[in-house]
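Shared chain: chain A. Partners: chain B in the first complex, chain C in the second.
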Partner chain A sequence: MKTYLGVDVGSVTTKLALLNESDELVSHVYLLTQGKPIEAVQQGLREIRRQLPEDVDIGGVATTGSARYLAGVIVGADLVKNEITTHAVAALHYYPDVQTIIEIGGQDSKLTVVRDGIVIDFAMNTVCAAGTGSFLDHQALRLDMSIQELSQRALTSRTPVRIAGRCTVFAESDMVHKQQMGHSVEDILYGLCQALVRNYLGNVCLGKEIAAPIVFQGGVAFNQAIIRAFREEIDIEVIVPPHHEVMGAIGAALLVHEDMAASKTASQFRGFDQSEVKYHTSSFECKACPNHCEVAEISQDGHALARWGGRCDMWERVPTTQLQLSEESK
Partner chain B sequence: MRVSLPHMGNLYVPCRAVFEQLGVDYVIPPVNNQRTLSLGSRYSPEGLCIPFKMTLGNMIESAEMGANTLLVPGGYGICRLGYYTRVQEQILQNLGYDIEVIQLGVSDRKFLGILDIIKRISNDSPWRRILSAFRFGMAKLNTIDQIERTVQKIRPVELVQGTVNQIYTRAINAIDNADDYDTLKRVRADYYEQLNQVPINQQANPLIVGVTGEFYVLLEPFSSFDIERELGKLGVEVRRATFISGWTKFTFFLNPFGINEKSRIQKAARPYLKRDIGGDGWESVGEKVLHAKEYDGLVHLAPFTCMPEIIAENIMPSTKENIPVLTILCDEQIAKAGVLTRLEAFVDLLERKRRSRNNKQRVTV
Partner chain C sequence: MTTVGIPRALLYYQYYPMWKTFFEHLGVEVVVSAPTTRKTLAEGAARVVADTCLPVKVFTGHVISLVGNCDCIFIPVVRSLKRKSYNCSKFLGLPDMTRAVVREAPPILEIEIDINQGKGRLYRDIYRLGRHFSWNPLKVREAANVAWQAYLEYRELMCRHGLTPPQAIDNITSTTQAPESALDYTDLPQATIGLIGHAYLLYDEHINYQLIQRLQQYDVAVVTPEMLPGHVTEAAVNKLVGKAYWTYEEEVVGAGGHYLEGGVDGIIGIMAFGCGPDSLMMDMVHRQATRQKTTPFMCLTLEEHTSETGIITRLEAFMDMIYRRKQRGETVCV
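After this line comes the complex of A and B, so read on.
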């Protein structure tokens, strides 16, 4: 069986999705990144392999998400694609007539505007993380409940209180204030969900037209209270795809399938055995010019596999040929 | 008196030429780097924009090198930029530097005021010498801009990535070192030749993206994440709205005589924005309207907290002339990784849009 693998390494979670030749989802994995993207990818690979029959052949692999370059080196990606594009591609695959894609993940939230099957505009939260999954996570932690419980209890609210959602810091102090005034936890929680939605519409959408059908994906789409708040606020039904949490990985797999079919080359996939290899990451300050860029390096058995982070491309060019020069300017 | 000036792109090259020709005692601070930004941010009010912080960093570094007179080219305009030199001077004095900051703005001093300052700084050189020094400076500026335009064209189609950037760095150094018109002419011919011999992909048909916005972040790549190079890496041909020579001519020579090079852009913006709102907000809107047919997309650079550009950002979606616009806020707190993700997605969007347009055309034919 020929398959295509998409790997989406986000700030909070790591997602893998495997598609077959007719782009159907064969298996997927969803796990926490926990600040260790390399280990998360390796664990994801192990879990995917466990779910698969022996005769599986990887026809192509693509990485996406904020650790896409790092993950790309580890798996030997044929394609490295940003998460805005992969999410849009996946949404369009399942809902060809979609006009608006709302995507809320751990650290960022995006809006993608689609017309006639083409992405025409997108927006992403800029200087503030209010209105993202981490915002909810943090509040759940503070109130000593799981994120699942937060969602369920918020749904039982009947008279939600208004929470200032401009910024996580203000929201938190406002929540404490409302709590000390004697409002019920349920009402405060739903108020928080509404604040997150208002923040998303105000800070990310910035007056862009939100037209139906709307697809809502990303980890936060697990939260039923947020979905209800969206429905109330924009008065349009939002569709949550069945595999909304792995849409980025699915999009990456779709794109690499398309690419490999066009180029007819063999995949550079480094194999499932990569999940056992020890990688070493480090960083140093380049002294070649006054910029003093921080350069990150990933190596295996003392050989640098890739480097990035400099303002010029001195380090990004193949490390082996540049090694001599590189060692001198460290 | 030891003169210095804050950086803005390659502005130091012509200024050095002028200082050299007039025998002025001067220092050029180190090119913009992380230390400049850290110093500038540490002593700036948090809510101010990145041009203020970067230039303050330059000023502190100049002061460390013994400068006591700082020249700041730029007008007073409508936005708070007009107060910047006064605030910066105050901050420098509070830090214990005995320093004078002179704003070379033509809008309030009138032309004669500028001439006075120039006369003073140049140790009372005869006007003939001053004029010839300025002419030579302008020649260097024009050369830089001609090289930059060629670089923008070749960078997206070069076969080996990074070749053009290396030639560009060498070219700027050579222009900086040229002492007379003959050398300058030779340098220009030489680097034109080098650039035109870079192996390129003949089949490539690069997307064309305009870059517009506030002039400082537009002209100072360090403050705006090297956006031109990054777009070039993604195979995009960049058309920048303002070049340093155009800006200099506008600020020093044309404005006082009432000639406004930008009137064409401003006229284009008029249906959506009737007046100057400070900074380059008016021009940003105009750029979109004027070039909608010619460009595939527009990248709009704005310093974080810049009022004029925020107004422009909010007007742009409603113009009838419709091309995708990506607004990027420039600030010391914003990580480059996030900006690159947006740029990649933006280029994907433009590419897919073009592909679908081509497909449609094929169907109708």
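After this line comes the complex of A and C, so read on.
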């Protein structure tokens, strides 16, 4: 069976999706990145392999998400694509008539505007991460409950309280204040979900036209209370795809399938055995010029596989032969 | 010989050839600070209050790097270039602010340019500036005229040959001939992107993460506000917002309004986080782009992030969108 693998390494979670020749989802994995993207990818590869029969052949592999370049080196990606494009491609695959794509992840929230099957505009949260998944996570942690529990309890709210959603710091002090006043936790939690939605609509969606059908993807779409808040706020039904949490990975797999079919080349996939290899990452400050770039390096058995982060291509050019020079400049 | 130091920041990109010619004509040597590095920014940011905008932090860093390399530092105050248009207060207080935060700096040469005060005042101020180096008013006048000519030639290089300010400055200071086409492309450009924003953001490769170079890697032809003649951007400002209020409004609203009339596949606006005038001007262009729905527009905000990931993701997605649009457009035409 020929398959296409998409790997989406985000700030909070890592997603892998495997599609077959007719672009059907064969298997998928969803796990926490926990600040260790390499281990997360390896773990993901291990789990995908466990779910598969022996005769699986990988026809192409693509990476996406904020650690897409790092993940690309580990798996030997044929394609490295940004998450905005992959999410749009996946949404269009399942819902060809979609007009608006809402995607809220760990540290990013995005809006993609689609008309006639083509992305015509997008927006992303600006400098701060208020109103994203980590905002909810942080509050769940503070109230000593799981994120699932937060979602369920918020749903039972009858008279939500108003929480300021512009900034996580203000939101937190608002929540503490309302707790001390004696409001129920459920009402405060739902107020928080409403604040997140208001912040998203007022910040990311500012000046954009939100038209139905709306597809809501990303990890935060697990949260039923957020979906309810969206429905109440914009008064349009929000569609949550069955595999909303792995849509980025699915989009990456779809794109690499398209690419490999066009180029007819063999995949550079480094094999499932990569999950057992020990990778070593390190970084150093390059002293070659006053820019003092922070260069990150990933190596295997003492051989540098790739380096990035420099302003110039001095370190990216010939990663393996410049080891001597690197010792001097470090 | 006296040496005048010019920080490679803020208005440098607009006027350097003019200033250089003026001072050299009066027998003064001119030194420019080196391009921005992480050190420049870190040193500048350490001296000013945290709320100060990124370009002023960079400017302060450049002043610090000039200390010890020159006898005085030239910091002009551009208050107004047209009747009833004004500049951001950070430009107006620049010499005083610099004296306050860079105490070790050599004496600061100032000139205030304010058209509202009339031309007589301007000539007198130019003479006052020149008097530091020559007692002869005629010689100062001549230097000013030559400098103006140099400025016009500089503008010409950018408008006619499509050079960016750094390329035009290179062209003037080196002896090589003007290249036929400005930006080098390995392949034929697949799309044209109009950049809007102030020159000190567009051409400082350190703070904008080599934006122009990155766009060229995506096979994009880049056009910038400096490549447009003054009357074109002025007309676009008038059309979009009526009379310009801000001194450098043409670079944002003018260029943006002009690009929106056609000729580019997308517009990218660059602004500094916390810039008051930009937040108003960028919004004008954004609204117009939303109204027209013909040209994609994206605004990137620069701050002291050391990670370039955010910028790269947005640029990649923007270019993907434009290429996919173009692809679709062409198939529809066929």
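Basically, the second predicted complex is superposed on the first by the 322 of 330 C-alpha atoms of A that agree within 3 Å, B and C clash if a C-alpha of one lies under 4 Å from a C-alpha of the other, contacts with A are read in each partner's own complex, and residues count from 1 in each chain.
Please note the rule applied: contacts are C-beta pairs under 8 Å (C-beta built on N, C-alpha and C of every residue); 3 or more make two chains touch, one makes a residue touch a chain.
Keep in mind it's a predicted model, so treat the numbers as computed, not measured.
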Clash or fit, chain B versus chain C on superposed chain A: clash
Touched partner set for A:Pro242, first chain B, second chain C, both or neither: neither
Touched partner set for A:Gly35, first chain B, second chain C, both or neither: neither
Which of chain B and chain C A:Gly182 touches, first, second, both or neither: neither
First (chain B), second (chain C), both or neither touched by A:Asn291: both
First, second, both or neither for A:Gly302, with chain B first and chain C second: neither
Intersection of the chain A residues that touch chain B with those that touch chain C: 66, 81-85, 117-122, 124, 126-127, 207-208, 290-292, 311
Residue ranges of chain A touching chain C (in the complex, touch as defined): 66, 81-85, 117-122, 124, 126-127, 207-208, 289-294, 311
Of all residues in chain A, those that touch chain B in their complex: 66, 81-85, 108, 116-122, 124, 126-127, 206-208, 290-292, 311-313, 317
Residues on chain C engaged by chain A in the complex (per definition of touch): 34, 37-40, 205-206, 210, 273, 286-287, 290, 293, 296, 298, 301, 303, 306, 309, 312-314, 316-318, 320-321, 324-325, 328
Of all residues in chain B, those that touch chain A in their complex: 30-31, 33-35, 161-162, 165, 226, 233, 304, 314, 317, 324, 329, 331, 333-334, 337-338, 341-342, 344-346, 348-349, 352-353, 356
